[in-house]
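What follows is chain A paired twice: with chain B in the first complex and chain C in the second.
Presenting the complex of A and B:
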């Protein structure tokens, strides 16, 4: 195997094996698809955000030439974003941070246990951890909607244990329900990458820590935790990105204006007629806000691909 | 003598999952138990099992309710299949396979998932092969686009597709065509990421050996590279199917009418209003069809990787 790199460079210098267009040809359909159906739609969003509105029908009139762009809607929405929507944005941030923190604690414990102490049951554990990927998000939310109803099983259990005197309506805008729903919805996406990383940690590092006199707790804090920092960061980004665009968890488990999140603003703008520019501007805000975590995650993914 | 032994546990390499040592005097008290570094990780184990129960029990209850005999979706009221196939005595119009609305949605779900799977995976696989071998700055840019579509929140794709088909590409009417185009756009990055990872772990040596032995570039790809990629391609097929049949975010904005709404969108719409166990049956059907595809996938995976060890772990490796 070691001799091959030299041969490869010689063949490349000759360059007779593959026509120039050969490998680009493979990538061509996918590249064209993404240019036409990913980049161009986004350009339409920008054109609508910087465009105007038909005075009669209130439908957006996109402006495709950047030199004619107007920033009327951008300013208008910025005014809302810094005023009326501030509460929604803060709430979104609080919910997402809370849900992500809870996710991380549970996910790390589970991933750590399965990676280190899974033993013979590792296959079973993995199958059970992967199962949520094959159960639709909707079904997982639906089952909680049913459990949390006033006459549902959760209230049955609570009144049976005499914890609450009368049934609680969990689905009427309770922040706890929404945060729990977010944790429940996204935690599988965190456990699997964490497990994948923790499973690859060389056991000898931990043994060295123990041999040098650290107890299990300090071995964890000084060895395992620093080693898994990249995986923690990546998995945090994996779950926070979709949470910021999430409106469905909230709509299914609460639907009350008391728990509105940023995703709901987007969805409401889409459902109301003649609000194209609003939706487009909100999309731009969200993309700009999420740009740094998105770029971070893309860089990490590309790096992981190269290092494999 | 025995005191010192219990104070200082012998330095001994503990094997993974090995049984705890016989309890010495200090481990009998709660504090001693807590301090014993060789005790089994009972707390972590409890957390894991509790998590698994929390994660999967609600879904099992929801599946059970789809076989309930009552109208309530909050409690199980005896076994019946009336919410699947209807029941002659009760009102059968709401059952999954009987209601014209749900039945049409079911067909639409399957049609969209299969079409998306068979369009997105070949494009993605070819793209992954192309950018892994093509040198220069262009493939990095194309890969950047792919990864971008992977990390962006799905609602953004849904909204931009809706605006695109409504204001620019007006000849694509909202409905199956628009749904399909946006589903493929959102899903194509899965096969790219999975297959590219596999390409990088395979390396170029096998193809070079093939071309050295006289194979043409196309033969090298078809006879050597593709068979090596089959496991990754298979995992892509299953994942794309599972993700598409559950998708309702992009599709909901692009339905253009209730006749092209797939089952997932129907479930979402009903979940906010009146729920009957028929919706549970619909969700269970989605789960069941995903499982069928996954089982076929596992079966084919085992056939392809016959004789290799650690299959389950490797298959999970594709997912992480």
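Presenting the complex of A and C:
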């Protein structure tokens, strides 16, 4: 009997054949990472939110079997979230939107300048942009605490310039201080992705815009800005998501209930005996809320890819 | 109830006698396993923990419903039962050991520990926690084997019910009897000191800047707690970022002296009192506002533990007497205010229990306790530390243990008979306190 030769694929014929698992295999480390460091911990948070507390130690007791879950804490916190916490939720939204908008304006300008006009000094600028990452967020905030003290340098300068007759107590629950702290703390995370994208914009697009009669302003508005939309969205997501959960900026720069943010409520619940499930429920509320910008980002990214 | 056709009807085909016997035998073998399986499938957290008064971990008159153990109160002391025998007397300390100390951050003078290790030929390792919950969480795992733990009295019920502390052998700790206040020979939270020795004692009062607020002003007020509402100091007033301390101040301001109250009315009133502080003076919460904020000028007035203000001189930007004189402290002259103490205990799984007992004794001796006081500002309940002379006796640093203008920060033994002690709450009452605190924070 004559045996027919096995049909070879094109890759095999060209000598570039790989087993079927080869390419998906590259996703394995990332998948494992996500499973171990995101999916499992997240399930623990869910199990705590729908779990109970230890009758003696009052520590959270996660319940991993969904059929035993209780919605007691969910209902309790929902009551607070739609009642007493509303002022905090609204305040957090306002602070984050304001801080993100300021971040975007400053970060875009800086990134644009470095990308377009950095010239030979681009390396130096890039090093300066990365410099804040060498100092921890906490240390940078603490340095602001020193600067903003009633007898600190900020008040010294303002008094010297006769802008204020008396020192301003910037640390006494002033919303401006908290928003400024958020801007200062998160802006490096916005500049870098914006710079990375703006630097890669094909110059020929800009030249084409000018050739078609647009002046530099309209070239920026009609070419650069739309092209950088994915980068803007990505940097907004990078900055906004952690800002919503931020609690230490307010703790360090204010400490007043007048500027309490959602992260502070979460932190309070986390640190209080017997409040573990409440804290987990607040985490879930925040996650659900943050899904909205995240889904919008994913939709826009997918749309941009389709258009390409 | 209608059955689904796919369900198999049991015994439809009948069963022979032999089959019946075989299946019965198999079932009898499987039942214990099934029981274990069902037990494993039981709802977590529903394991019976309700100990009766007779079988409970301790004996006390105040045993509210919902609490797995009696709660200690000044008028209802608790005697914790010995869940195991203490170590035998006369044992030699472990040689070449590393004493594992689990303590609050910056709460023990390393010189005291080093001298102990020199005397007992051992090493030491200090691990710190930032709050009692964190401390308890690590203790519970049982993975970390500490020799020394510094719990507050309001968590003793948990620790002893969970069998996380070991009973003490008093023969190793003679200095508790000879050097420590009579009150702590038999404290109400641990009668016969079965599990703990006292570490430090402190009160909660008001710290203020004397260069801005004369002593006479605050002492002349009919209700000095009202100074927190003085709009003159708006933006420079702080309270502790601690739900018990902050709400206790609200209760005291309202004239309620039961700092363990379960009354929703009183708790709600204290909550409203605190919330009114936000609009009146833009109050801020902090945990280091006394020893960092007051010397720096961030705060003019701050709720204060006596130990914080005693140690605050070490944090003034300029180190001289004139600056130190700006630190003030008020506590009721009749000593009817919030009082508290910390304790030292030995975890059940300590690897060096004999050495740990000797360390407890070391900390109870006058010389070492006062050396520790020099550094951390928290007074030990020592008989020889005459409160009248603490403002004149020089500490290790050459300054008085307590500056004369801070006499209110000196703690007296009688404070623990007339003052108001914060003790453990039932979970339901604790929830009320937490809700009030959250309402304040989100106001």
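As a convention for this text, the second predicted complex is superposed on the first by the 240 of 308 C-alpha atoms of A that agree within 3 Å, B and C clash if a C-alpha of one lies under 4 Å from a C-alpha of the other, contacts with A are read in each partner's own complex, and residues count from 1 in each chain.
Please note the rule applied: a residue touches a chain if its C-beta (ideal position, glycine included) is under 8 Å from a C-beta of that chain, and two chains touch if they have at least 3 such contacts.
Quantities reported herein were computed from a predicted structural model and do not represent experimental measurements.
K.L.:
Touch test for A:215: chain B only (first), chain C only (second), both, or neither?
P.N.:
Only chain B; A:215 stays clear of chain C.
K.L.:
Is A:87 in contact with chain B, with chain C, with both, or with neither (first, second, both, neither)?
P.N.:
So A:87 only meets chain C here.
K.L.:
With both structures placed on chain A, which of the two partners, chain B or chain C, ends up touching more residues of chain A?
P.N.:
Comparing touch counts on chain A for chain B and chain C gives B.
K.L.:
Would you check which partner chain A:265 touches, where first means chain B only, second means chain C only, and both and neither mean what they say?
P.N.:
second
K.L.:
After lining up the shared chain so the two structures overlap, which partner does A:151 touch, if you call chain B first and chain C second: first, second, both or neither?
P.N.:
A:151 sits against chain B and chain C alike.
K.L.:
For A:57, using the defined touch cut-off, is the partner it touches chain B, chain C, both, or neither? Pick first, second, both or neither.
P.N.:
Touch status of A:57: second partner only.
K.L.:
Which partner does A:171 reach: the first (chain B), the second (chain C), both, or neither?
P.N.:
second
K.L.:
Scan A:101 for contacts with chain B and chain C and give back first, second, both or neither.
P.N.:
neither
K.L.:
Looking at A:255, would you say it contacts chain B, chain C, both, or neither? Reply first, second, both or neither.
P.N.:
So A:255 meets both chain B and chain C here.
K.L.:
What is the shared patch of chain A, the residues that chain B and chain C both contact?
P.N.:
Dual-contact residues (chain A): 62, 149, 151, 255.
K.L.:
Over in the complex, which chain A residues touch chain B? Could you list them?
P.N.:
Interface residues on the chain A side: 1, 4, 7-8, 11, 17-19, 22-31, 33-35, 37-42, 44-45, 48, 60, 62, 106, 109-110, 112-114, 116-120, 122-123, 125-147, 149, 151-153, 184, 187-188, 192-193, 195-197, 203, 207, 210-211, 215-216, 237, 241-242, 244-248, 251-252, 255, 263, 266-267, 270, 276, 279-280, 283, 286-287, 290, 294, 297-298, 301-302, 304-306, 308.
K.L.:
Using the touch rule from the top, collect the residues of chain A that touch chain C in their complex.
P.N.:
Contact set of chain A toward chain C: 51-59, 61-65, 68, 80, 84-85, 87-88, 149-151, 169, 171-173, 254-258, 260, 264-265, 268-269, 271-275.
K.L.:
Quick check on the complex: what are the chain B residues that touch chain A?
P.N.:
11, 13, 16-17, 37, 40-41, 44-45, 47-48, 51-52, 54-56, 58-59, 61-62, 65, 72-75, 123-124, 126-127, 129-131, 133-134, 138-139, 142-164, 166-168, 181-182, 184-185, 188, 192-193, 196-197, 200-201, 204-205, 208, 211, 217, 239, 242, 245-246, 248-249, 253, 264, 267-268, 271-272, 275, 279-280, 283-284, 286-287, 290-291, 294, 312-313, 316-317, 319-320
K.L.:
Provide the residue numbers of chain C that touch chain A in the complex, in ascending order.
P.N.:
Touch residues, chain C against chain A: 41, 43-45, 49, 68-69, 131-133, 136-137, 140, 158, 161-162, 234-236, 238, 241, 243, 275, 278, 282-286, 296-298, 427, 430-431, 434, 437-443.
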